[in-house]
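Here come two complexes built around chain A, the first alongside chain B, the second alongside chain C.
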Partner chain A sequence: MRKPKRLGEELATWGVTFISWSAIGILGGVLVFLLYKGVGVLSWSFLTEPMRDGMRGGGIAPAIVGSLWVTMVAILIGGVIGTAAGAYLSEFAQQPRLKRFIEFLVTTLAGIPSIVYGLFGLALFVTALGLGASILAGGMTLALLSLPLLIRNAQEAFSAVPSSLKQASIGLGASETQTFFRITFPIALPRILTGLVLATGRVLGETAPVLFTVAAYYLPTYPHSVLEPTMLLPYHLYALITSGVNIRETYPMAFGTALVLLILTLCFTLLSAYLRYKLKKRYRV
Partner chain B sequence: MKDKWAKRVFQAAAGTTFLILLGLTFFLFREGMPALYRSPYEELVFAVHPANPVQQLSTNAVRSLVRGEKSWRELGGPDTPAVAVHLGNIERYLSGPFLPGQLQRKLDSLAHLSGIFLALPASLMPGFAKRIRVPWRGGAEIFGSSRWSPTYEPVPAVGFWPLLVGSLWVGAIGLFVVVPLGIAMAIYVVEFLPARLYYPVKVMWEVLAGLPSVVVGFWGLVIVVPWVQRLFHLSAGETALTAGLLLGWMTLPLMASLVEEALQAIPQLLYESSYGLGATQWQTILRLKIPYILPSIATATLLSAGRILGETMVVLMVSGNAPILPLSPLDPVRTLPATLAAELGEAPVGSYHYHVLFLMGVFLFLLTLALNLTAYFIRPRDEKA
Partner chain C sequence: MYKVETHSVSVWYGSYKALDAVSLALERNQVLALIGPSGCGKSTFLRLLNRMNDFIEGFRIEGRILIDGEDIYAPTVDPVHLRRRVGMVFQKPTPFPFSIYENVAYGLRLQNRLKESQVRERVVQALQQAALWDEVKDNLKRSALSLSGGQQQRLCIARALAVRPALLLMDEPTSALDPISTAKIEELIHELRNSYTIVVVTHNMQQAARISDMTAFFYMGKLVEYGRTKDFFTNPQHPETLKYITGRFG
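Right, the complex of A and B next:
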């Protein structure tokens, strides 16, 4: 079946191969570069101590803690609402038109730029609800941002549960909600958690929505409640690069911060990829 | 009974999507619309010397008067040099300790200057001055002016054009990168990639898609910016091109996976018949597969455009942040989202600057919404499920 190859086609094949691998190669370059520049900065004290002397010395612990707090709030709120909404779309929606409309809304929300969510968070949570710049305000803003991803993921997870199982449960006399909580939900749970892990990685790296809703420029203490502002890794990195008193002095700190942020997001992204791979193998879907 | 309530809760959760979209639209408009009907200098009064026949000045005239670009003669006034006194330069007319009474007397002593132009709060305005009007037309200022200088005293310039054009430059360059390369990557993955490498490559795409934009911006600033500067012999490497290249690269996974999905969905019968008729692999790709998925490519392009136009941090860090009308891709630019990110933190809540930034948010929201809606409605029917 294979014909003798023509030169143009050979070149085209080489072209797409080259493009694909160079896009990935640049990614590799970024990772290696940041690792090379940042690994010297990393130390136990860098990870566990607060900043000192403006931003020139000390560690980045408050930013790490702040980022984890905000992400946790976002994923908790987004996870609950997203999973419930996904369950509705997959299991309980009876009118197809309403279902399609909500799916359309999810698509629309997914396309809204993150900075616009930041504006919304500023107007609603920070100003109108009077939360001020706080972990709660920022977390809720990020929850809204990650909701489309979480809803879609939950919907797919519930839809992937074999309907034979659901029907068997109904046939044994269980109600719809009983079937959902005892059969569908436990089976779909690993996939839902995988989606949550992926969303965690995305939320950790988001900068634009938290600029006005939670991020503090320099606040080397640990937050005591969710109603306080906090430093965040991405914003701290941004601040280090763009508005440090002496850029040269803060550069090593910036490389260290970038590497920590990169490793954190990478862990979550790779973990979700690994979980999905495992699930695929187990369920063959 | 319990069933019903559980279902209600699930339905309510799904309903939040509607509430979010509604609330987002409401709050953006509520905070943004005042920019169209309010004026940035509500608490200021404008005045000239009583002998000056001018009754009204346009905002542009005031700006050029203050900058010293135009004389009174050109604006229909006396043949004297203009002396503009406003809150931004009032220190120049003060000496010694600042006391309100002294300020008043100091300003009164300026009465001999026949070319004087005053822009001050009513409480400070000296008695000799003749008040004039400076009407503010929000819509014309915002959509008609090509200058963005929102804190300029006494009359700010809030034209969206330089920022919109900046966004369009970056978007165009980004698309120029992402569309051909994204399609090429999708073709490679579907047609040529060995099966055992499929999963690793897809994971790499995911890693790239999940790269924090601030990290990409940092890398761009350290590596790509100096590289662009040296390559084109520029005084600064922070240009629309730099931002466009980085954004295009970042958006590749989105574009490539959408195109890949479409390529995978082509009915096997179609391309098998093409092979059966003796077409080569590339002939099949170029004459059958690509034409077949054109609608999907259009959708993917629009979605990528929306993503690029909305991206904030990378542009903020590598595009030079100059809110001037860019004429070439090697000019520094400032995009709409970058302006929001850079300035909203400094604009006091409720000020005109704050409202005009929210109006820009509305504008950006509608722009990306239009792109996404178009993408949604031209999407091939069977994918709409």
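Right, the complex of A and C next:
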């Protein structure tokens, strides 16, 4: 005979299972929906050709190239600063109060709406530093945006290196600097890279911070330097949907663009998961 | 000249006095065992000898410690250089997640003066001294993490020996190992005495009796008794020592 308690447990199990599957269902739904709407316009030429006829024809290649450029600049700059800051917080900060204060600031930074970063980037990089709307200005703005994530990730990566290894290195006559570069950093590196790849996926899809700092509405050419503006996937998508020359005509292309963006983002997320898996196997420390 | 000499060494961590006026002298090619209950100061004493306590907040020392006649707490001494001459093996094996070869070569590469052929020579020699060579010689590129716990500890000993230290410190080197690995390490300590001076902390009095020439008994920060191991266990001079070695406390 069944006791009511067990029925309750069973219901709870079902409920939890249902909720978990519905999360997967939502992701699957978005994918299927985008595939259904967007796969029609996907073709080799869509991926490799520039836009034509005021967005009504051609492909989205300049936006793909532009997005990759801006993301690369953002991750390079953010990666260096974030890793350095994470190393400082984890390894070198001596005063606990100062450390906690910086950590608090980093957390606060993470809560700032992304459009505010965009405005800040406009004021500082585009105007004050005179970079103009450019890949460099946009990349730096996105680097700022991703810093909280990158700092926290690097800090955790460094802290995860067992202190027994650092001590062993010191005990063998390594200075603290040598210990950092020969033990702590190499062991933390896979985790740091994982975080960088994850951040890449996030940065790729950001729209608000690039609006005033780099994104071009219609510029069907490829950038020659980081001081030029460029088209970007998220902003191109926005333009196709809201402000194209003929929205009905460009509507399917918007879904194609969204699909490309989603697939690129997913690729980076999967790459990050793969790296994490590999590193777990390699460093059983 | 003694290998190690301490002259009324006292240590504080903040206001807590961890060691109180410890004086002893150890001759070359001897094994010194430090015994005593937890918190008695034996590990603090061990870590004085390669200045690993320097990192602890509030650490302060009085008195003098001489290794090969040199005051290691003199202001002119660089603790990093000191640690290259005083090797250390920790309680738990601490292999780096590199290859066996790179683990042993680690200390050598820090100084950057040796050719690769010389590094190789020293690595092989250190592995032989640590009685690990026969088990790993076929594949030095293997990850050190794939070794067993006992092998890892011998690897750590090889790593410490590769830089040819003047003095070798061991902090309970067998407490994380099984009896067979423990026996191997003890045998190894016995062998190493021919070329090294060794200071070893142990919780295990039988081990102290088996491996050491000299024994120092610490209790509540004081060096209660210090003498030849064979006298120490057969004819202890202090009542506390007798109580401890007969298992009445600790």
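The criterion applied here is as follows: the second predicted complex is superposed on the first by the 254 of 285 C-alpha atoms of A that agree within 3 Å, B and C clash if a C-alpha of one lies under 4 Å from a C-alpha of the other, contacts with A are read in each partner's own complex, and residues count from 1 in each chain.
Simple rule for what comes next: contacts are C-beta pairs under 8 Å (C-beta built on N, C-alpha and C of every residue); 3 or more make two chains touch, one makes a residue touch a chain.
Not measured: the values here are computed from a predicted model.
J.: Tell me which partner A:175 touches in the superposition: chain B (first), chain C (second), both or neither.
T.: In the superposition, A:175 contacts both chain B and chain C.
J.: Touching A:45 in the superposition: chain B (first), chain C (second), both, neither?
T.: neither
J.: Identify which of chain B and chain C touches the larger number of residues of chain A.
T.: Looking at chain B versus chain C, the one contacting more residues of chain A is B.
J.: For A:212, select first, second, both or neither according to whether it touches chain B, chain C, the two together, or no partner.
T.: First partner only, chain B.
J.: With both complexes overlaid on chain A, does A:243 touch chain B (first), chain C (second), both or neither?
T.: After superposition on chain A, A:243 lies in contact with neither partner.
J.: Return first, second, both or neither, reflecting whether A:261 touches chain B, chain C, both chains, or no partner chain.
T.: First partner only.
J.: Could you tell me if A:204 is touching chain B, chain C, both of them or neither one (first, second, both, neither)?
T.: After superposition on chain A, A:204 lies in contact with chain B alone.
J.: Going by the contact definition given at the top, which residues of chain A touch chain B in one complex and chain C in the other?
T.: Residues common to the chain A contacts of chain C and of chain B are 175, listed in rising order.
J.: Please output the residues of chain A touching chain C within their complex, sorted ascending.
T.: 162, 164-165, 167-175, 178, 182-183, 187, 282-285
J.: Within the complex, which stretch of chain B touches chain A?
T.: The touching residues are 2-3, 6-7, 9-18, 20-21, 23-24, 27-28, 30-31, 181, 184-185, 187-189, 191-193, 199, 201, 203-204, 206-208, 210-219, 221, 223, 249, 252, 275, 278, 280-282, 303, 306, 309-313, 316-317, 337, 340-341, 344-345, 349, 357-358, 361, 364-365, 368-369, 371-373, 375-376.
J.: Which of the residues in chain A come into contact with chain B in the complex?
T.: Counting only chain A, the residues touching chain B are 1, 3, 5-6, 8-9, 12-13, 15-17, 19-20, 23-24, 26-27, 30, 33-34, 80-82, 84-85, 87-89, 91-93, 102, 104-109, 111-120, 122-124, 127-128, 144, 147-148, 151, 175-177, 180, 198, 201-202, 204-208, 211-212, 234-235, 237-238, 241-242, 254, 258, 261-262, 265-266, 268-270, 273, 277.
J.: What residues on chain C touch chain A, complex-wise?
T.: Going by the criterion above, the answer is residues 50, 52, 55, 80-81, 83-85, 87-88, 90, 92, 94, 96-97, 106-107, 109-111, 145, 156, 159-160, 163.
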